[in-house]
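Labels for the chains are A, B, C and D, by order of writing; each one numbers its residues from 1.
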Amino acid sequence: MIRIGIVGGTGYTGVELLRLLARHPHAELAVITSRKEAGTRVADMFPSLRGHVDLAFSETGGASLERCDVVFFATPHGVAMNDARRLLDAGARIIDLAADFRLQDLAEWKKWYQLDHAAPDLVRASVYGLPEVNRDAIRAARVVGNPGCYATAVQLGLLPLVASEAVDVGHLIADAKSGVSGAGRKAELNLTFSEASDNFAAYNVAGHRHVPEIRESLERVAGRPIGLTFVPHLAPMIRGIHATLYARITRATDFQALYETRYAAEPFVDVLPPGRHPDTRSVRAANTCRIAVHRPHGGDTLVVLSVIDNLVKGAAGQAIQNMNIMFGLDETAGLGQVPVLP
Amino acid sequence: MIRIGIVGGTGYTGVELLRLLARHPHAELAVITSRKEAGTRVADMFPSLRGHVDLAFSETGGASLERCDVVFFATPHGVAMNDARRLLDAGARIIDLAADFRLQDLAEWKKWYQLDHAAPDLVRASVYGLPEVNRDAIRAARVVGNPGCYATAVQLGLLPLVASEAVDVGHLIADAKSGVSGAGRKAELNLTFSEASDNFAAYNVAGHRHVPEIRESLERVAGRPIGLTFVPHLAPMIRGIHATLYARITRATDFQALYETRYAAEPFVDVLPPGRHPDTRSVRAANTCRIAVHRPHGGDTLVVLSVIDNLVKGAAGQAIQNMNIMFGLDETAGLGQVPVLP
Amino acid sequence: MIRIGIVGGTGYTGVELLRLLARHPHAELAVITSRKEAGTRVADMFPSLRGHVDLAFSETGGASLERCDVVFFATPHGVAMNDARRLLDAGARIIDLAADFRLQDLAEWKKWYQLDHAAPDLVRASVYGLPEVNRDAIRAARVVGNPGCYATAVQLGLLPLVASEAVDVGHLIADAKSGVSGAGRKAELNLTFSEASDNFAAYNVAGHRHVPEIRESLERVAGRPIGLTFVPHLAPMIRGIHATLYARITRATDFQALYETRYAAEPFVDVLPPGRHPDTRSVRAANTCRIAVHRPHGGDTLVVLSVIDNLVKGAAGQAIQNMNIMFGLDETAGLGQVPVLP
Amino acid sequence: MIRIGIVGGTGYTGVELLRLLARHPHAELAVITSRKEAGTRVADMFPSLRGHVDLAFSETGGASLERCDVVFFATPHGVAMNDARRLLDAGARIIDLAADFRLQDLAEWKKWYQLDHAAPDLVRASVYGLPEVNRDAIRAARVVGNPGCYATAVQLGLLPLVASEAVDVGHLIADAKSGVSGAGRKAELNLTFSEASDNFAAYNVAGHRHVPEIRESLERVAGRPIGLTFVPHLAPMIRGIHATLYARITRATDFQALYETRYAAEPFVDVLPPGRHPDTRSVRAANTCRIAVHRPHGGDTLVVLSVIDNLVKGAAGQAIQNMNIMFGLDETAGLGQVPVLP
């Protein structure tokens, strides 16, 4: 059994890790820390875990994390970069669900996260944890930066395109809609039910942290600069991301075949038959990305629809997928959850 | 007092007409018909109207409609075109909230509505009821085709652009999200709470009926062909449309000023200050369209956000606005509702 | 025009007062204060009010409140009791939407609100603002304590019973469900969309602040002690209270007639015909309470269903109703809003 | 592997059976029938099952059901009673998720389901499938009538009480709230998002089908007549039942201990510590019932809160629990799903 540590398990990515790991056949949850909740039993905080998780939160500074095989950081940005070296030195491997290891360009990182990075050398050694792109590098990685939720949905939707030279990659558009849990487990006014329910709005049109991450990763694939207009929206639902992607076609291509071929071997990417519209609930609570490809009226604008559960394929599930790869397990181990519908 | 008739008042546009007209200072609801519900008291069907509407639904064929000054058709497509002439001959004017008088191009109409049009001459004489474009023509019109809800949100968001020659109007993109009431008061599986709640999906990516209407109207303004990719989505909310519009900038322009100038005199279009993101609830239950204009990173893609309440500015409210214009009333009469928040 | 002041207008009862007063024919909003938001334009904070409210929040200490005819306190508990005397001395009348003037029993008040009352003499002179019980006293009152939202729904549902001697008033049960806005405009974790949506739970089963208020008011009507078990629940909706009330029948009575007679002259209480089930949306955004009376299987348990909009008849609407009574206006002035459906 | 047949798998209990059985370690889905959808691939109808269920719906009359070890009926009421004998004769055992085998009193059954029962002898031989009451009988049963969702939540909440003689069982009250999926996968107007969202109402106060079932089962336990007032409500959520139960205390008892003792050995009933309020999401998508016991103010009214997921412990999960018992498997096999939160 792989010994698991979780740092900061009181947010939604943390509780989702617990939900998934509680049933993982090869993982054993050894320690979970929380600065604020040390001493609280996990199942007292999250009654949904009663009978499934029999641990209490422990202090963040304790030594027990160092005895873990892998430590997940389900913390705010800027935590993992400070703790990583100590844990690595103790022999643990690290999967950061925050942004500390998502960007190689540290100037860009500083601009978006307003911090000097504490471990630039670890960034260079880290691997961006999108298995559909970096599977081999993840296998060997000591530190994995788990992608952002929007970043996952958008990249999986655009990957076949940017590798294809069939569209204008200088003017991609991603119109993305996220459920409220994407903002985290936070007491913020705009996230309250009274504000967010029966309502719909865009936000951060001027710029969003996931854009540099998407661009850096896609440019590595494309081998050329990517232009991306990204508009996120807050949708009145708990989970789910729906990315509607637009690209100008520059060369006649069988796009359906392009996608089917690209993802034929991927266990967690499902390309729908032509004409379908994936809905977010078709992946609810599961580690799946579903994609549909449309070319309205046979015109020169391609429309790609990509959906994930932001907490699973967009966070905790993908982190476990990365863990499975890192430790040589079946990549799908513990990730066979059937989406919950309705 | 203007004597009002409503044909088919059992759908959402019908009950919304009733809600608004019940408080209109210059209108008197004289008759409301329903094939299925003849004899039922309106307030028995819609308890929200108890104490406000003291009428019963009457047979559709009755003569009383002919004694009305104006008849609203809140019916499915294909009804108004058959009844219109009789009512016009009797002296009534007509506002059709369905699609019978939205398109001048009858071949296009037939393609989307699968019917031969029953009154082509009336179509030619009718006016497309978007006051922000056709105010003068509406004033004199005997028959007004009230715009579709998506069509209203998208057109108000694009009008200043297509008139400006500052963007590539051959490749406009409208990513639109609608609340479920936009689909009407219908017992359909995909509209049930269990299916539509906590869920998000696109639909009709291959083509939507509102596209020809948007294109025909915008082309009249632009004086040249418009290319539009339109992707509608079903959002888990009751009311509201949020259109996110994308255009490639071709000429340096102060877009904020362009919009503010264009709509300075419009009572129901509110251009927000720079940097804002309108939310649909800010227009909930009111006849307002709010618009924000963004140019992310100063790049060459313009992003316009446009929100309306699909049942008010997208249907019943706009119909009353048209009525006010047709009868020489203050255009805002009976339409002063403050949006309901939260 | 009556000059209106609002203290603390940044919560939901405050913005709802603004929504309703903006269209009141005899009221003029003169000043609105906020400690935190002084200087902010009201319509910048609440875009729904753009075009309707052209004021900025002012400092709380300013003199302008004293020039008002009536001051509404839309503040947390414990504010009005400190400011009231100064305003009364200046000639203003006061309507407190918080709890400072709801209870005559100050020991009970202290127990629930954890404060020593700052103005016991004003409490004695104040009137509990439930017009259906205290209309005459309200007319003459200088200080009105506006009832709580649960308290309004439960009392209107029980009033005819406790006056009737037809049920066991020692063992009444009120199972109440409230929309999330009832908790106020607060950044609290349990009120977030991710926590409150697609979820249902009771809370405060051990005791709730509205119970002493309900009991004190009903006992005044009944002339004898009332026993009430009250269980509030948080329902995943924005607005609305649904109280399901249970009483053991002790004397054969025509309960339908009892209710219809009791409320025959009340403009804002609507007793539905037998067999109906009022839904909360039938009063959404309106100052109405709808009630239905059931006696399942002709047994000895009576079931009364009572619904209100917690922000209107449960707060701001009732406050304006009280104002109308206090100032000799038509009691329904400015309160003719038709419920918003769907 | 147990060979499973499902009749009528296109409703929510059907798709939930599929979700759970797809991961069951000892079950193999052999055949699923649907009159309307014969030939359709299951995963085409429910994209959430893509990659998990590789069957098509087959004709209802086919012989393949007869080769199953157990057949689940996820059909409307009145189907299983006609097909049962043929399948029993072929050696299959039967679990009916509809109501055909829930009531021994066939006069009562006819009254509520408006049908003459087609198999009275099978009713007499059948077992009511509430494992917490009938575990031993279920083990030996050939036909199990799976309880209704409300019936499960209410009975598990009341069982310790009716066995205790500590409360007045002649005047029990169950105020129950259900998510919309409890009404099934049906295109009905009142179930649409536009009607059911942001709304709350009681229904069927005059009488509900689950009452005779609850009463018959509880009376068997209590050995005396039960009086129950049951008021169901439709809550704007997809899944979940919250039953708030009221009983008049007649004898001093440690109710917390009573419940803890009663359910100490039950794998799927979780009695919360004193003072807690279970929320429906704490059992979302899992086969758990959580219960809390309150005695407000130490008075003589006991309040019990009981929550389940209507589609799992209230339907498909409980059916699989029954199957596990019938076939001598670990009762929890395939039912270890961790509730999905948020």
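Just so it is clear, contacts are C-beta pairs under 8 Å (C-beta built on N, C-alpha and C of every residue); 3 or more make two chains touch, one makes a residue touch a chain.
Please read all numbers here as calculations on a predicted model, not as lab measurements.
Using CA-based centroids throughout, the chain positioned farthest away from subunit B is D. Homomeric contact subunit A/subunit D is classed as same-residue, with over half of its interface positions used by both copies. When the interfaces B-C and A-B are ranked by how many C-beta pairs touch across them, A-B comes first.
Per-chain CA centroids place subunit A at a distance of 45 Å from subunit C. Between subunit B and subunit C the centroid-to-centroid distance comes to 36 Å (mean Cα coordinates, whole Å). A straight line joining the Cα centres of subunit A and subunit B is 39 Å long.
Residue positions of subunit C touching 2 or more other chains: 12, 179, 181, 185, 194-195, 197-198, 236-239, 278-279, 281, 284, 342. By the touch criterion given at the top, residues 12, 15, 18-19, 22-23, 46-52, 181, 185, 197-198, 238-239, 270, 272, 276, 278-279, 281-286, 288, 290, 336-342 of subunit D touch subunit A in their complex. Across the complex, subunit D meets subunit C through its residues 171, 173, 175, 177, 179, 194-195, 197-203, 205-207, 227, 229-231, 233, 235-240, 242, 244, 246, 248, 275, 277-281, 284, 294, 296-297, 299-301, 303, 305, 307, 342. Those residues of subunit A that touch subunit C in the shared complex are 12, 179-181, 185-189, 191-198, 236-238.
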